[in-house]
């Protein structure tokens, strides 16, 4: 198990360095003089010179990368030009919204996805399976933000259950937080619920017919008991994989949904940064999110080894 | 078949758009803003009084073209790299796999956004950005497929008649990956539609006055409280288009499965 | 002067193919550092030669390493030791592009004609490819040449634009032979080339090979596990056991007086034909 874990760590580490190199390299893709672009229109020669020195653009590439990378490692993420504030300050201020959305969304996706998938897979071709299959297909095909708009029309404008915009911090009022997060988190998780339930349905309908499940039922063990114990364990690896994959998808969706619900999150910051060509913010955002995704995949890999000992020796 | 028919119909609509639009898609009618559906405006008008149906028809071309550009770029990068990595293995394979993994770790929309941020917003830049993000997906399936095909006896047979590696890649490996590639492309086309719509929502996708369905949907969002139904039509159109790509992909996958069984492969 | 041997082979001094001390070790398991942890010696110090115009049968049970020998000869696999001389050229020393040119001289017919023909290639390209590669043949001259070859191996010459899956197993093996002939080879390696076919197709394909050898004075390395087939066609026989060449003799001599225990075991397992003699 230890060697398996070390092995996985050894593949994750170069990946992180590579992502860091890539995000750093973004600056070289800028057309023309990056310092001029970043300093913005109408910047004076002195300002451009400052930007150039700040970014270290006058230094050799490897030196630039090393300085930048060292800074990143100790949490010095540089300065945003459009906000005129340190990137780490900007991010810590906004991370709560995005984390809330992704965590609640992941919860929705895993619970709703697993339950729907299990019941559909137990009785393939049944009425429940048919209805959910249709909904899953629609959920995978519809644009996330359109689903969110439909949610707003139905639940905010027509029914008046939720506010269409805004975010309440969990430290301010846990109840208010929940109320403000439910609708956007639901919208964020639709595609993921569809994806998870589709996968769980496939594994569940496959496992259902295996001998030990039939034997269990013949012995009179209650259906739900066999379900949870055996199917849960046997389709566990597949389910964890697919749920792990949702993290990347949920982050992408959260960025869009935050804008739509006017929530002061990471996504909003990022979109403004994109519109203002605020490179330091973009670099750190991409690096941060990619690191989260890589570490999630690492955790998924390691949990395989814990669930299914066979994989370790393989 | 229904899906293929729908795609053909949309293509036709895009080609004859100029003749079938009931109104000028950019003609503003400041007295008839956010009008509900009527005989003259079957889907109503937007916040500038422009006919929504005409704008959707006008946007069909870009909406269809954009994902094809993106997939084209993705294939242009991912296919050759995947084939070379899968066939020759070695350090090139190791490196390109790592790069693909790294690109995979960044959510698609973020990567596209980063590229737009750097190159500036324009329809072409956006779709090239999306193409770069598709490349590792094409790379992965092609590499896996080539790893399997290079073990095939017919590749050994090609080597013994003196075929060069490039010739084998072109004549034996490429045709045998075609099925997988086409299926993957339909998946990516659907994704491309969704990503274009999302980027247009931020105003960093297709640039006005050019209309895509994503742009129309974005515009309608601003009038959400006044005319909620406005947002429904473009959304339905996008969903149908994605569904069509999905079903066409499924259809191709099934027919390829049959062929392979017949060929005993 | 070297003496002419009984099968009528003319030139014993310069054999078509010389295999010298071939060894192949496969790594079957690696440790955590990627270093070999378990090895399997598939072929161990195998040497033999193919003389001009003869049919040499390499016989052995499954796992005896006979297919590996074929792959080492054709350089599909690199041997760990020894050399392979074809028409006097050492193939183990050749660079890739030089090897590609040389490969024309030695062609191979594989065991499974369902796997050895690319399902996406049309007959005209399958069979014509060696000519395109080695003769730089123009496309317009291709059709006639391919038709002639198809005719030669007994396939309808109007099948130029068909795909492999439209043919039966025996027909496919004829396609594979036509493709090998298209390279105008001196040597053909037939690796279990008839064992996947039904009995009547086996006989037809064997007769085809025998006729082609006569007409084109081909040298044939016939690799098989089936001594019954060997008896009908081979001039000389080499017996391979656990990667080593344990016995080599003229065909009649080997059947009459096998010297090695493994050969006797093989002979006992041959149904009817071997015993009646």
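Just so it is clear, A, B and C label the chains in written order, and each chain counts residues from 1 on its own.
Everything below uses one rule, namely that a contact is a pair of C-beta atoms (placed from the backbone, for glycine too) under 8 Å apart; a residue touches a chain by one contact, two chains touch by 3 or more.
Worth saying up front: this structure is predicted, and the values here are computed from it rather than measured.
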Shared interface partners, meaning chains that touch subunit A and subunit C: B
Centre-most chain, if every chain is reduced to its averaged C-alpha atoms: B
Relative to subunit B, chain with the most remote C-alpha centre: C
Pair joined by more contacting C-beta pairs (A-B or B-C): A-B
Gap in Å, rounded to a whole number, between the CA centres of subunit C and subunit A: 57
Rounded Å distance between subunit A and subunit B, as computed from the means of their C-alpha atoms: 22
Intercentroid distance (Cα basis), subunit C paired with subunit B, Å: 49
Interfacial residue positions of subunit B with respect to subunit C in the complex: 152-154, 156-165, 167, 171-172, 175-176, 178, 262-265
Touch list for subunit B against partner subunit A, complex: 98-99, 101-103, 105-111, 113-120, 190, 194, 197-198, 201-204, 214, 217, 221, 224-225, 228, 231-232, 234-235, 238-240, 242-243, 246
Interfacial residue positions of subunit A with respect to subunit B in the complex: 14-15, 18-19, 22-23, 26, 29-31, 137-138, 140-146, 149-150, 152-153, 157, 164, 248-249, 251-252, 255-256, 259-260, 270-271, 273-275, 277-279, 282, 285-286, 289-291, 293-294, 297
Subunit C residues touching subunit B - in the complex, by the definition given at the top: 71, 74, 76, 96-97, 99-104, 106-108, 110, 112, 114-121, 125, 129-130, 133-134, 163-165, 176, 179-180, 182-183
